[in-house]
Amino acid sequence: MSEQSVPAFSSEFFGYFAAETVLLVGLVLLIVVPNLGKGTFRVPGTQARVPWFFGGERYAFTGRPDVPGYISVFVLLTAFMLLLNDLLNGWDGAATSALVHAHGDTSVRILAATPFSRLMETLFIGALLLVAVASLDRYRSTQPGAVRSVRELYNNRRQADLHILLLTCALGMSTVALAENLFVLFVGLELASFSSYVLVAFNKESKAGSEGGMKYFIVGSASSGVGLYGLSLLYLWAGTLQVDALALAWSNIGQEVLPYVALGLMLVGFGFKVSAAPFHFAAPDAYAGAASPFAGLLATASKAMGMVGLFRILLVVTLPDGTEGSAVWLMLLGILAAVTMTWGNIAALGSTNPKRMLAYSSVAHAGYMLAALTAVGVWNLGEEALSPAAQEASEAVLTALLFHLVVLVAFKMGAFLVLGVLENEGEIRDDRALAGLGRRSPLLAVTMFIFMLSLAGVPPLSGFLSKLLVIMGIVKVAAVDVGTSGASIGFLGMDLHWVWGLALLMVLNSAISVFYYLRIGVVMFFDAPAAGRDHPVPRAVFATVAITACLVGTLLFGIWGDPLIEVCRSAAAALLG
Amino acid sequence: MDLVSIVLVGLPMVVSLLLLSLVGLVPAALRPRLAVPMRLVTFVVGVVLFLVTTGMFFGTLGEVDWLGIGFNTYVFEEQYTWIESLGVTWHVGLDALSFPMVWLTAFLLPVTQIATWNEKRGEVYHPLILLMGATLIGVFVSLDLFMFYIFWELTLIPMFFLILKWGGAERRYAAQKFFIYTFTASVVMLLGLVTLYFLQQPTQAGAYAGSFTGRSFDLVNLSEVAMAANTDGVFLGKTMQAVLFVMLMLGFLVKLPAAPFHTWLPDAHVQAPTGGSMLLAGVMLKMGAYGMFRIPVTLFPHALEQFQFALMLFGFVSLVYGAIVCLGQTNLKKMVAYSSVSHMGVILLGIASQQPIGYAAALFMMFAHGIISPMLFAVCGAFKHHYHSMEIGAMRGMAKHSPWIATSMMFGWMASLGLPLLAGFVAEFMLLVAYWATFGWWILGPGLALAITAAYYLWSMQRTIFEGGEATQPPAGMEGKPIPDLDTSEKVAMLILAAATVLFGIFPFIALDMMDAWTQAAFVVLFGGA
Amino acid sequence: MIDPLYVSGLSAMLFVMGLWGAFTRKNAIIVLMCFELMLNAANLQFAAAAVHHGDVTGWIYTVFAIAIAAAEVAIGLAILLSMYNQHATISLDEVELLKH
Amino acid sequence: MSAETVSGTGLEVPSFALLIILLPMLAFPVILLLGRLFNGKDWWRGALKEGGLIALPVMAASLIASLAVIRRFIGETSASATSTVMHWVNFAWQDAATGEIQLFSMDFGFYVDHTTVMLLFVASFLCLLINIFSIGYMNTDPVNDNRNHRFYAEFVLFCSGMLGMVLSDSFLWLFIFWELMGLCSYLLIGFYYERPSAAYAAKKAFLTTRVGDVFLVIGLAMLWNLFQPHAVGGDALAYSVVFDGANLQAIADAGKSGALQLALGFMFIGAVGKSAQFPLHVWLPDAMEGPTPVSALIHAATMVNAGLYLVARMFPIFGAEAMHGAFTDLAFLIALVGGITACMAALIAFVQMDLKKVLAYSTMSQLAYIFTGLGAALWLANSLDWHHDDAAHTIVVVAFGAALFHLFNHAMAKGMLFMASGSVIHEMHHAHHDVHHHHDHDEHHDGHHEEDHFDAQSMANMGGLASKLPITATAMLVGSASIIGLPLIGGFWSKEGIIANTWRVALEDPRFFLPAILVLVTAGMTGFYMSRMWFMTFAGKPKTEVAAHVHEQTPWIPIPLLVLIPMSLSAIVFASLEATHYLGDTGSHLGEMGLLDGFLYEMEHAFANHDPFFLVLTYIAIGLSLVVGPMAAMALYGGQLADGEEAKPWLKPFVSLSARVNKRHRFDNTALAEGSLATALQERLYFDAWYDAACEKIVAGFSNLAAVFDRRVVDGAIKGIESGSQSTSRQVRSLTTGSARDYIMMAALGTLLIALVLWGVA
């Protein structure tokens, strides 16, 4: 793999990181543009006031409350396109990745744009784009052209705040995807997290909104504190937080406790992000309190961000080829996966609030992904003979995981966006909000049902293919690479590794999950509309566009998943080297 | 032309999806007006399907000799790459195992529509029926495990809506139960399929092996590999074969359904609308039996031998227990539903017998029950529709008022209890022959079931259409009103079904011959006939 | 010079205190302070490790971590304010509308 | 007849034989459809007699075709003929073990031998007669308004089933047509479906026979598996395969003769059900709920004979050399079932007041005779070395022939009796109408019958009809005489043979004493109840006003009676033609000895047997059946006709004899009639009650229990999982307490655990 090194902030840098640059510029624009006005600047010591077009009475055109939204959508769309272009076409044909290093020392790796990070960035920006587009309806509080008042100005500002937060979130997530140093990753993570805390608490006019935000913040801060402490322990042990150096250090690990404890503490930090049990508790409250699109963001992009962290520490750092002491987390992660998926599903089973239900389902999905991660660790039993198979196996699993993360954006976000449309009518407290949707708006209801079926893993939707890929990854590891290697393992008398049991648990869990996903369908198509929600669904053009995009993704990647699988595969290969 | 992909699967699926989207797009007020054109279009498509399959049968389309196809070779075979990295292909084809089922589906589609010609909200109902048919045909023509599974699960969705939107009072519960129950079983099956997939050797994965995984979902290739491995050894080893067999069979047994996994069926049937029940009993249950033949039987003959007795017990219990439970039912439709459980037990016994005659019996039972049970459910539907009650004993002497309903009921009931010269008899007799040869005195169970079957059918007739003396007892709520008989469309449907029952009763060889041919070819391969 | 490991021990104590306080105290402000304790434990650790390894990046991490902690408190206070607006309390135990 | 010669002579059954079956079968939908379309139209009722006149030519054609077939085969001595008509289910596969090609075939074909000839004649002849009778009986009965097309349609289908069963060439097709008849009997018994009793009776008949059928079909499955390895064409149930001596030898060599006996035993249970033998006899009396022609059809011409036919078809297997001595147990069982049923049915017949029910029990009893006779014949065939020993050959052949001949005689007599009883009932009905609805004749509709509670079938309402219904009375008399076994006519020839042969076997095999004694006693009992029926109906004074106004008026009805009277009377001709030899032996001609020699031979055998044992036995039997039984009946029920009534001269002696005996020897039987035995007999020995109770309590109870089990336990498990998971969900979700502190605590605990686990690993 050829790698192009670029010093930070050189001209090449802006070429390679055009998307991130666009985001940054957009951020500045979002701060500046709504504030353009007839403001003047008093030259110090004089009475002369020089107009500097900032503050004061805002200009009519730039002060419109919908402008920030358009800017943000435009910026995100541009970034998305740039990333997509990078992802599909590469950079200049020669280099497949670009590395940002310290000035003068290419061994100090800071950021790296690889197919993997590009894919993740595309995912993050894509999810944010969907949220931004959907938010155009959500927070358009006054009609364009109406008389502006102080309150409107206030709204305008809030509008700008929202989109600024989306863009900072985007930057943070991009950083996570690009980071080659765990501390950089952590900084990006915190940037994105802080934005998401505020986004969750954005509904500050409602009790639920502020409460959800508070809980998410408190628990999130606690776990990131734990994570940072784990990071510091790791630094204490290794003297570096650069990923490749850590991997090297890990491969020479001795009988030490420190790194393992550090690893465990970091798992906590990322575990919160992916909402793995028992770090998921705040998630249902946060989802319920937040506006639906932001809840969708937490369930997709934010979770993917946490997964990136896990990939970095588990797959890149602690899993070098067939050495003693690697993949110590195998059993731990297996238990975590089993508990998480079961807990999520069982809890979702009785949830009547669709948002909480989706939150729990998100927990369950985290469990599936952890199960797949567990499987990657299987081959690493310290047997050199397994090394070639190992590479293949972890690639397969990682591909499945990436595919899963990507398509999750389509249907999970889609489901939240549908809820978002309904939220325009009032808060969603239980599934009566969805009642009678089949009659009120058949197409919306069918779309929602498709999202639900996809979440449940019904073919031929992308949720099925992703789940299938995950299962396939696990089974591949359990059934073949280990089974035929002569390694003496067995599960219930079969020539299968016990992680196959995780696959079994996973399919059983999907079966359980059908119950609550299907209930949404039943409520939509069977129950009569609730009082106050019996008129046709309010028009929400932009949200509809976003939902349509999600629907297309759900169907397309399910029926024709091949291209995405290829992309994910090359991304996986890039991450694992 | 690729008849199977384009005409048999593509056409109904595309047409129904287009029509459904159209209904979703027009304003709510206009939707009822679409009912008639929708019905017409879907009906025409259904008839076309039937004509095409019939043409295939007679060889006018494709010039197929259905008796000479052999085992694991197919006609109308088409294969295109679908998901290259995983080795998934769009692989369709027909053989003497799947063709009767496809034919049956194509036959039942228009008949179902006729029987429920005036179903409410027809603009959605009729396209859904067509969609149902498309997915069912998809299951039968799939020769790729991935594709098979996709269609397998897809069948749930139209049926879910049919039950949920057109069903009885408990439809909400029934629809969910139906979906979840069968889905649960089939995800276990899926895990089995995936495990099987990865247990293939990449070197044997054939031309369509996935670029990523190195294996292929192609069933034909897999069967060949398995057959070769099974001739001088055990494909995948004894343990794995047993494990996979169990996992796959679980999915199929629940679908079939075999006791004790049957309880979704009575609920689904009782609540489903007539059309849904007709297709559910007529074709959908056979998916389980078809799947058994297509995958576990073909791939794992050793496991089949190993589990022969267990399989027989499942069939035995389904047959006998199902019949006994039938006798205890007071709801006509529930009784018929349990009778389906009982009859599906016959199929299971046929497979368990591991006799060529038993296989042929099971295959023909699938077909025969596919003709007879829709009629039973059409009768139940007529009871519901015209009498607003399906309680046995809630009415008496209906034969006097509704001779058509009574005659249809009598005919259907008699066909179902295995009267000679009607479709079900040949299968039952062949089964008994095979069963005695394999299991000996266990035959008393099926014998008992035969008697009980007669008992519950006769009992239910006695207490609905007969008796009553001078004052026949009308169903509740209809006292003093004229009691209606079948509609014209229902009459037509009944006549068609009855005619088919008689046709295949007197000339069973129309369908049986090709089943025999398949069985014959299969046995040579599977159980090592030189 | 103090052995960096002693500093690490201190940071470990700080961390445990912070974590313990985070779920034993009801007052949200105090909980925020506990978070600061946890973050500062990490900072101390970074500094100690930087000394231990003689690596300057550890100091840089510390600086960044302090900035992060500051931002966190700012956001935290803002969120607590809005919570106080709605619930008229900053006791974590009295804000339990969303559960199960 | 020898088993070796059975398997085909190359003589083809003419293809028109198919018409015998096909015509009625096709007439079924035609009549049904036309009836449905034109019901109520005048021409349909008048010109076509609601389908009766469609059925009539069809049945006539069927009879003609039958006669043509009979004519071709009646003289054939060598053997039976088979011909395959339709390839039905054919199937071949390669045996896994041997690699041989195995065949499976269910082809349909014809098989004609002497038994077929006889039964074909009986069936088609009686069917035609009953058809004629029905036109008189059904079409003038107002109850049947607008539904006679159903009757005729089901009737022709029934006939088709019977004829098909007789003609078919394998046990499988025998069974297929057998079931077809079962269906039709169900439909016909339940013809008056609106009557609860009819609906109940129909169900009972079908179910009871179904129980037998289940065993039959299992027996067939067993038989199939026994013969499958030896079946050349794959059709292991074809007579040509089953009767083949070599095949049987192979089975015997394989040590499977026990299995074969088992299979035959199972099949016999089917016959027991169909022919209403103990213990599956309960359906037959109830089957009288059907219209009288149906009773005639079922009890005389067709269905009940099916069981006998099935057992008779087993003869070549019993008689095969290979099976020598292997099946004596089964033969005994057959005879025993026959003996018990004969006696039991006769006993019950003593107390029946319903004319048709007496005939029903009489049928049961007579069929039992035939079973006993068949049992004896089968025992003989199985035990004697009759293939090589001429004397033994004759014994076996005559024993078998006697049973079959009794079938013939009984069919003719019973058909006549039922039609005569139908005539009585019908005229009683008419008279009843005339008496009670003289003035509003046009207005009567279904309703009146039920309201009146007048039982036209009860003999308590009759009496003294000999003068009013001369033809009917004559037919009744001849029929009864034939059943009783009046020397020289009808059943005498065959019944004596049956009794004699049963005793003959009893001398060899003491177990047979039981059936032998039973049939001998039953002969006397038969004399009693048949006489009782006749005298109660025709002698004495009319017991009701209705009975006094009866007269023969309905067209069509007397025709079959007039035809059948000479049939029964001329049994001596058949006997002289050595029907017993002919029927029992495919190797003999009809009338081989010539008519006169035959007559002398038979007379000698019957009345002057060289063997003193059989001579005595004959006279005991005659004495019992002709003297003891009828005298007792006369003493109890005899009486002179009302004043001014004049019976026909040939009836007069019987009436006056009965009056004389009645006057002289009348004895008081009140004590007996009110005794517990009589009550038990009234209650049909409680069999029905027990069976009903068993069905109600055990079967229904058990199935209700099973239904509850299914709902509560099997489905309950599913529901339990569902509700259990819901409550688990509640509990799991209750851990999400809503307090942020708890969340942190959980996370901290998790952290601790993770740290500990990893510490442990390290």
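In order of appearance the chains are A, B, C and D, and numbering begins at 1 in each one.
FYI, a contact is a pair of C-beta atoms (placed from the backbone, for glycine too) under 8 Å apart; a residue touches a chain by one contact, two chains touch by 3 or more.
Predicted model, so just to flag it, every value in this text is computed and none were measured.
When chain pairs are compared by contacting C-beta pairs, B-D ranks highest. Here the chain at the heart of the shown protein, by mean C-alpha position, is B. With centres computed as the average of Cα coordinates, no chain lies farther from chain C than D. Averaged C-alpha coordinates give centres for chain C and chain D that are 98 Å from one another. Chain A and chain C have centres, each the mean of its CA atoms, that are 25 Å apart. Separating the CA-averaged centres of chain B and chain C is a span of 64 Å. Work out the mean CA point of chain B and of chain D, and you get 39 Å between them.
Annotation for chain A: residues 214-215, 218, 222, 226, 284-285, 351, 515 touch two or more other chains.
Shown for chain B are the residues that touch two or more other chains, of which there are none. Contacts with at least two other chains are made by residues 19, 22-23, 31, 92, 95, 97-100 of chain C.
Inter-chain contacts occur between A-B, A-C, A-D, B-D, C-D.
In the complex of the two chains, the chain D residues touching chain C come out as 730, 733-734, 736-742, 744-745, 748, 751. Listing the residues of chain B that touch chain A in their complex gives 23-25, 28, 82-86, 149-150, 153-154, 156-157, 160-161, 164-165, 171-172, 175-176, 179-180, 183-184, 187-188, 190-191, 194-195, 197-199, 212-213, 237, 239-240, 243.
Residue ranges on chain B touching chain D, taken from their complex, read 177, 181, 259-260, 262-264, 267, 321, 324-329, 356-357, 360, 397, 399-400, 403, 410, 414, 419-421, 425-426, 429-430, 432-433, 435-437, 443-444, 447-448, 450-452, 454-456, 458-459, 461-462, 465-470, 472, 508-509, 512-513, 516, 519-520, 523-524, 527-530.
Within the complex formed with chain D, the residues of chain A that make contact are 214-215, 218-219, 222-223, 226, 255-257, 259-261, 263-265, 267-268, 271-272, 277-279, 281-282, 284-285, 328-329, 331-332, 336, 343, 346-351, 512, 515. The residues of chain A lying in touch with chain C in their complex are 183, 187, 190, 194, 197-198, 201, 204-215, 217-218, 221-222, 225-226, 228-229, 231-233, 235-236, 239-241, 284-285, 288-289, 351, 356.
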